[in-house]
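So, here's a batch of structures to check.
Next come two complexes built around subunit A: one with subunit B, the other with subunit C.
Up next, the complex of A and B:
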């Protein structure tokens, strides 16, 4: 049992990018708690300025290797809105399909490679190769399946080539669509096994209710498109995000902190699950039920379970999308629409694997970027992570120093923070006074 | 023979190169068993300063990073730069083009002095680099081949011929015929011409070959009514730190074992 404790975990491992955690406990009370983000900023808002309308999506994808399809799609949607472009329904269906599989690949990576070692009491996935080879092989198979889906549709698993403003530079063939369907169908057997393993995990029983924000759609479990919805009872058009979502610069972080109705909110798989539970497939809901995940869920550690449930949903929904696309037939004439540069502003909002992602561009009449603003999910989650940590530490304060440190690290990892992506994130508008 | 100790390190970048290593799904378990990974913050908790081979992703863009990269240079016997950001500065160099102070002002306003950010440079501006796995993202199979070569003490083969060679071999229609500008004639291959395969122009993310046939590229541009300036903008996406002009010879050749 500790009374006084000064902890500095630097860097926090098994997260994307560089983050440090500093906790100062005195007389069993948290005196100081800082989730510090010293990672070097990259200034993407500056990189975008002056670029022609077909380039921002390529630049944006380089914000983050793990969610490059999300950044590509947010960027393309912002540009298409600004330039008044409406892509074909075929394009939208294919984007939704490819989108699912970046989410699957990212969720697999997080659930199996980054978070799972904590539950098995090891430092990485490497010891699990010996002790749990079947689980590691499932993870590798599912990740490969998802990456192959993105390769077939996007031309490359990281930084997709074919997904561009106006449509696709090249379409998958019908044979490839059939092959993808077979890959998806074959993946189900692995999920049953994963389910039985996940059931054995001892997920910390911690709850703190907060505001949950995600996009939402009347039909879809929204990932690619939708309005912005809060569990605090508001829903707005994505173009008006500034009405609700605010940002400020904080001293200890190169990433900005966000707030909406309250002083902090949560985005990501658990927020999506809470807001859009009724849009999940029956099959995905069945898995959620088996794992004791019910909406609304206020335990951030259950984010990992929500990510697994989303994998099931994405596989189910992909099969539906493929059937629909094949039914219509793939039409090369619908691959691209004509683009005429014009001045305007557009906002593209998607659900990146880690949550709400906003790109906001203003173009001049030559189709060049005048101003770019991007708000990334991990930046939105920071304040909420700090609040969770404040609430979590008193519940573990009587444990050993190592156990306290592990609980805090696990909490941060449960959010699946993508620091490489977030910290390079920035805004043009300064709200902090 | 003891397994070589390997450290994987990330600097300013998107994490995509480290992810490409994890995306070697079919070979990953074999690779992991052939080396001893002692440092890989993104994937493992344990870390050690005792390594022979350093795989480095990302460019150097803060004062703190200069100290870190120099320490890696002191410890590692072999340094491999992975991906465009580490090799040439990559896309990060667009910040230099915009202007450092201007960029800080634009993004952080009156809080700009809180930010540690310097001119972006590739890692070989600070330490000796032995091998370069180019590209954005790099080709994961090339990374695997480099690692395998180093394990058996062989010098890795890095292509030094243009993307056009691979593109022709893949039977693609030249994208210039479709009205698309392409850097393929002078850009270094090794990517299996993945952008032209997807009906997109090569953006030279692997840099320029050692002895580019600049005149052939100029003739090609002239044939399609384009100028060098027309393609420089695209070239700058990944090469702004290196290429003041495409006629500058790219000096990042593969080095020998140290």
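Up next, the complex of A and C:
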């Protein structure tokens, strides 16, 4: 047990990108706690300006290798809204289908490779190859399955090229749809094995209730489309996000912090689970129940369990979508709709794997971007991570310095921050415990 | 996986040679970090590489495992800092992954698991593909869609190294 601690974790490992965490504890009280993100210039927003309507989604796709479908879809939705384009129902179904599998790709990577080593008490995924080879092989098989799904529909497993404003440049064949369904059905046995492993994880029993924000839909467990919903009781049209979601500059970070009804809120798998639990498939709910995840859940460490439950939901719902698409028949005439440039503003809101992602574009009458704003999920979570950390540290203050550091790192990793979307380096510093 | 064959359609076996693959990594909107992607675009134009699968790996990381499987040799193109001078092109043979990891080379592109972790994982999984990394030390990895002139000038040298490596 230590009284004073001065810790800098620098950089935090196993998160996307880099940042700093500085904790200064004196006489067992937290004197300073800073989750510092040196955000890079808002380059991508500036890069969109002047671009023709068919370009932003391809630029957005390169913002991040992990969330490339999400950025592509948010960008396309913003453009389609601004230009008054209504894609065909077939396009929407295919977008929802491909969208599920970026979520699977990302959730697999995070649950099995980045977060699981914490819960198994090993430093990284590498020792798991020896101690839990089944887990690593399941992770690789599931990631490969999701990669193949995105590749078949999007043309590439990341940075998709066929998903464009107005529709798809090329459609999957019915044979490919059948093949995808078979791949999905074959994945269930791996989830059963994962379930038995996840049940053995020692997840910290920490809770802090906060505001949970996600998109929400009357029918779907919303990932691709929906209104913006808060656990604090409000729900707004996604075009009006500025009515509720505010950004502010904070001194210790060049990244903006966000707030809505309170001084912080959480986005991501746990927020989606809390807000949209009743839209999950019965099967996904069964997995949640087996793993002790119930809505509402206020333990941020359970975000990783929510991510696994979402994998089940995505596989279940993909099979449903494929059956629907096959029943309708794939119609090449519905691949694209006509596009007529016009002036207007549009907002595209989706659920990236890490949470709410907003693209907001204003076009001129020649169909070129005049203004662009993007809010990324990790940016929305910064303030909430700090609040969680503030509440977590007193509960672990009597542990060793290494254990305190690990608890803090695990908390940050539980959020699955994708700092590379907006920033470059992440370090952690613990001062004077 | 991100797989740019010449008609932008991904297939697992659409090239003549199945023994070798070339993958470029990087973010083309982070200045010189985009060198791997730029090289891939250049290779796609060259007759010399028509039978070889060349892949735009973007900013993926773990996916390297899928590309590397069932392949005798893989050539990775990336912005990499081994302590060499800016713009210097190096060709690292990763015969001994432990040795590579110990040297703490800084690859700049792989954003989920870093290159060292992916290589460790490849070793742990007992995948024995021969790996070559042809890298150049970037001048700038700030946001931007153009390579630095010093790096742009080195494109022919990098392509020449890749050609040599494909016949080794």
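In this text, the second predicted complex is superposed on the first by the 416 of 433 C-alpha atoms of A that agree within 3 Å, B and C clash if a C-alpha of one lies under 4 Å from a C-alpha of the other, contacts with A are read in each partner's own complex, and residues count from 1 in each chain.
As a convention for this text, contacts are C-beta pairs under 8 Å (C-beta built on N, C-alpha and C of every residue); 3 or more make two chains touch, one makes a residue touch a chain.
Since the structure is predicted, the reported quantities are computational estimates derived from the model, not experimental observations.
Colleague: Would subunit B and subunit C fit next to each other on subunit A once aligned, or clash?
Modeller: Aligned on subunit A, subunit C clashes with subunit B.
Colleague: Could you tell me if A:109 is touching subunit B, subunit C, both of them or neither one (first, second, both, neither)?
Modeller: Both partners.
Colleague: Between subunit B and subunit C, point out the one touching more subunit A residues.
Modeller: In the superposed model, B touches more residues of subunit A.
Colleague: Quick check on the superposed pair: does A:204 touch subunit B, subunit C, both, or neither? Answer first, second, both or neither.
Modeller: neither
Colleague: Is A:159 touching anything from subunit B or subunit C once the two structures are fitted on A? First, second, both or neither.
Modeller: both
Colleague: Touch check for A:344: first (subunit B), second (subunit C), both, or neither?
Modeller: neither
Colleague: Just subunit B (first), just subunit C (second), both, or neither: which does A:58 touch?
Modeller: first
Colleague: For A:123, select first, second, both or neither according to whether it touches subunit B, subunit C, the two together, or no partner.
Modeller: The answer is first: A:123 touches subunit B but not subunit C.
Colleague: Please identify the positions on subunit A that touch both subunit B and subunit C, taking each partner from its own complex.
Modeller: The answer is residues 16-17, 40-41, 43, 47, 59, 62-66, 68, 109, 113-114, 124-126, 129, 136, 140, 143-144, 147, 155-159, 161, 170, 420 of subunit A.
Colleague: Quick check on the complex: what are the subunit C residues that touch subunit A?
Modeller: 1-4, 8-10, 27-29, 56, 58-63, 65-66, 111-113, 117, 120-121, 124-125, 142-145
Colleague: Which of the residues in subunit A come into contact with subunit C in the complex?
Modeller: 16-17, 40-41, 43-44, 47, 59, 62-66, 68, 109, 113-114, 124-126, 129-130, 136, 140, 143-144, 147, 151, 155-159, 161, 170, 420
Colleague: Quick check: in the complex, which residue numbers of subunit B touch subunit A?
Modeller: 10-20, 22-23, 25-26, 28-29, 32-33, 37, 40-47, 61-62, 64-65, 90-92, 94-95, 98, 102-104, 106-111, 114-117, 136-137, 194-195, 197-200, 203, 233-234, 237
Colleague: Residues of subunit A touching subunit B in their complex?
Modeller: Spelled out, the residues of subunit A in touch with subunit B are 11, 13-18, 38-43, 45-47, 49, 52, 55, 58-59, 62-66, 68, 109, 113-114, 117, 123-126, 129, 136, 140-141, 143-144, 147, 155-159, 161-162, 164, 169-170, 249, 251, 254, 418, 420-421, 426-428, 430, 432.
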